[in-house]
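Each of the next two complexes has chain A plus one more chain, namely chain B in the first and chain C in the second.
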Partner chain A sequence: MNLSTTPLSPPLSAPLSSATISMMLADARLPVGGHVHSAGLEPALSGGMPAAQVPGYMLGRVRTVTLVEAGTAVVARHVAVQGTGQGVFGAAQLAVALATVDRAWAARTPSRAVRDVSRSLARGYQRLAGTLWAEHPAVVASALGSTPPGPTLSRPVLLGVIAAAAGLDAESLVRLVVYDDAQTIAAAMLKLEPLDPAIPPGWVLAACAAAEEFVTDLAALTSADAIPAWGAPESEGWAEAHSRTTQRLFRA
Partner chain B sequence: MLENSTPSSSAPARSLRIGVAGPVGTGKSSLIATVCRALAAELRLGVITNDIYTDEDARFLRSAGVLEPERIRAVETGACPHTAIRDDITVNLLAVEDLERDFNPLDVVLIESGGDNLTATFSPALVDAQIFVLDVAGGGDVARKGGPGIARADLLVVNKTDLAPYVGVDVPAMVADAETAREGRQVLALSRSDAASVETLAAWVRGLLVEHRAGTHTPQDPGPMAPHFHADEEGGPGLLHSHDETEHVHDGEPAHTHH
Partner chain C sequence: MTSIRLCAAPGRARLETRAGALVPRVIETGPASARVALVAGGALLLGGDEVRLSITVGAGCTLELEDIGGTVAYDADGLQSTWTVEATVEANALLIWHGLPFVLADGANVDRRTTITLRGHGALACLRETIVLGRTGERGGAIDLHTTVLTTGGADPQTSDVAEPLFVERLRVRGAEPVPGVLGGHRVLDSLLLLGTRAPAGSDGPGAAAQLGPTELLQPEGPASIARSLQHEAHRSLLTPVWTHWCAHALAVHAAALWATPADATDGFDNRMPAPAHALSLGSRA
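After this line comes the complex of A and B, so read on.
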């Protein structure tokens, strides 16, 4: 069986729709290691947040850290599209531009544990991107900036790179980031505090609805300076504590 | 040191990756400790553990003092130990690559699965070969009952043979049953207190490494999981499910598929 050595690249001549790319990237079955993450839910519950507050936790993220993630992804996408579309940047310059976006994200993500987890998750996406869009200049540039043991790029920057490579529009990218965060919490909830599994999907849709008012503005961002800078300090404290525990189902 | 393992200047050397699977408590961590104790002086080793709920296996192995603690790393599995070694091996692959990079060159990386009943097997995209571990305390019938790991892992270990007199198990009969279920594939009756059996295990690893380096070893897939219970994984009585491409249910999880 030599399937593993002959990856099939998506055809560039027949562009895929943003809807298709979104579905694939939002699918929990996508093999990027997402199943070991709970979007901060396990740290929150271990930190004492009552399970009844999970819907509120989800909405809280929509108005804070998810804005940072989505804004970062959009600006990374913009940089990647600009840098490749007009052929103005070489891979090295593009890597520098992506690193600038990454630094803006890091400055808005004070918890080291949260940053580490994002970078480790990004490596799963890097692997996927390097297989599916190996030749794309933004993917090549992102790999330059992601050589372990040096700092690897964060997950939202990688999502922006993939959006540029795959042809995902900026608004869809924002909605993807929002949905993925909420759905990660919903799926982890069923393992941590089991309940009727038909209920959490309603929370996910409520979170997505709550994000709609931000979508247009976030999708229009082009500068790293303009990425929102909301924080969730209690959640970050939980993440820090979780990174030091020896009892966890989820990485974070 | 074995020959032909000169460090390369740039790209980390690709180690021989060996998976260790089998039910909880059969002695996977202990077997890894035994292999390390037997081979650490002649081979450069690394270990990855996949615990279900803690990093206890990694801590146990570090405290066994058989390997530098930095060479033993734990990955989380999100309560899906079977997923992390078979369908979405991303976190394990990254962990192996990190070890190979940080301790370049490594000869062998041993990966312990988070015990998932009788059924979890490793993807050949993650490991070059796998050991499936049973113990005599599980009863003499287990080997005959079969399953993909028992039937088709590269090596089946019947562990803790020193306990056989206490649990009333006839080891030669259990081994013979296993050999039948495996259509002749290798079965090793092991006890960490039986030096000859430990040496046979070490020799198996050495032989595999020679084949791996010669490019004559081809990773085999033992096959997908059979339907099983998850009594230990999520607590409470488990629902019968399987881990093939079809939809199935875990306790408290919606029906889902793993690819």
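After this line comes the complex of A and C, so read on.
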């Protein structure tokens, strides 16, 4: 049996809960290449950040770059839902609208190393979306938007597109982005600075709890201009330095 | 509100200044250029102060701003002050501003906003901003830094008024609560922004950066370069060689844009023309 030509089975057209979509997207076993990333942890440790500061680093991201990521995903989701729900946009117009969200993200992400990693991760999500929700207008548009010579769309924009295609609500999308970033750090920590594996999950829950105060406002975003722009200069410097090394476990 | 407005005019550029909390002092003007010093009009920066500065660099002009002395935001027991700069740089114009350190004493609470709009083709800016947490022996107060760089005036008339973000950043820093990954334990955030063009590859690249310590060159997606240095003490010299290099580059790009008139467009850059006065003044200071 040739699995690659197996028609998509009916369950995809049946309703799925946001919880199920969240679980799948947050699962490290999802084949999108997330295992080569440490959410900046390896660059930070290589750059001299003491391991004892990892919980603080995780909380720092929750209040800075993770909000940029989550806000971008929410606005991309909004654009994708608006553009497809009312049939107002053609695929080309929707691609332009998604590209606007992507440029807002890029303007908030001054490190090329960080952008490159996000766009490379996005290719995995693009492939997933193109297989599972190939007919969805936002997925079609995102494929247009990811065609060279222009830059491919970033990971948060693809997450927003998938959220629109799969029916993931905006608040769940924010929580997914927060959880994924924190859990990526926690998992990488066990490889980089081994410790009792039961400890980092507690940091993850603390990070998720710290993000709760932002969830409602972030989930209500509709405009690319309103995406948070919190930067992390020290982390950006570490990412740039890490991108030039060859002695590394994680790409970023 | 302090305002500085430079516009091209027949013979000599027209410079209009208005004093506010900051007082502009004209150093020199040229056919299409001006150098202006910014002097504090009184004790700055105290709790509740609202400093506003509006800058316009008209098409084809070069405006060079110089701070006279750094700024200290004094202990205000947490009472907020604001520092707002809005600059518009028009087509083929250049803004150069070598800001001096902005020192945040314990108990200061500052909302500092810098908005730069590059309006039109060939608009350029080269800026330095140095934020220092605390005077000697202090950890430093609180600052919210908003930096917004927009470009407008694309070739397509339908979208020429649409502002496109080039660099948008917000940092909230509390000297007493260092955050790993944001500034960590560093007390100095020294930034150079080259806007409207990219820095040339070479001496400011990673090789040079390695010699400068914790300094990184960032390459935004649009036409801009950012150099950043995080330090424990205010060593002004670290980014100074990069600043000199970037200013020279901005002046060269600016001059090339101005001189690429239709008459000599086929020849490209006409290097027989004398360098403008502001280029010489910058060179002597470097």
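What we mean here is this: the second predicted complex is superposed on the first by the 242 of 252 C-alpha atoms of A that agree within 3 Å, B and C clash if a C-alpha of one lies under 4 Å from a C-alpha of the other, contacts with A are read in each partner's own complex, and residues count from 1 in each chain.
The rule is simple: a residue touches a chain if its C-beta (ideal position, glycine included) is under 8 Å from a C-beta of that chain, and two chains touch if they have at least 3 such contacts.
This one's a predicted model, so the numbers in the text were calculated from it and none came from an experiment.
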{"item": "Combined model on chain A where chain B meets chain C, clash or fit", "value": "fit"}
{"item": "Which of chain B and chain C A:P31 touches, first, second, both or neither", "value": "first"}
{"item": "Partner chain in contact with A:L249 - chain B first, chain C second, else both or neither", "value": "first"}
{"item": "First, second, both or neither for A:A19, with chain B first and chain C second", "value": "neither"}
{"item": "Touching partner for A:P233 - first (chain B), second (chain C), both, neither", "value": "second"}
{"item": "Chain B versus chain C as contact partner of A:A220, first or second or both or neither", "value": "neither"}
{"item": "Which of chain B and chain C A:A209 touches, first, second, both or neither", "value": "neither"}
{"item": "Chain B versus chain C as contact partner of A:S111, first or second or both or neither", "value": "second"}
{"item": "Cα-centre angle that chain B and chain C span when viewed from chain A, reported as a multiple of 10 degrees", "value": "110"}
{"item": "Lowest inter-chain C-alpha distance for chain C and chain B in the superposed arrangement, angstrom", "value": "19"}
{"item": "Contacting residues of chain A [partner chain C, same complex]", "value": "40, 44, 49, 53, 56-57, 59-61, 63-64, 103-104, 106-112, 115, 151, 225, 228-238, 240-241, 244"}
{"item": "Contacting residues of chain B [partner chain A, same complex]", "value": "52-56, 59, 75-80, 83-84, 87-91, 93-94, 97-98, 101-102, 125, 234, 251-254, 256-259"}
{"item": "List of chain A residues in touch with chain B within their complex", "value": "4, 28-29, 31-38, 120, 123-124, 127, 148-149, 187-188, 190-191, 194-195, 197, 246-251"}
{"item": "Touching residues on chain C, where the partner in the complex is chain A", "value": "146, 149, 164-172, 179-184, 186, 189, 206, 214-222, 226, 228, 230"}
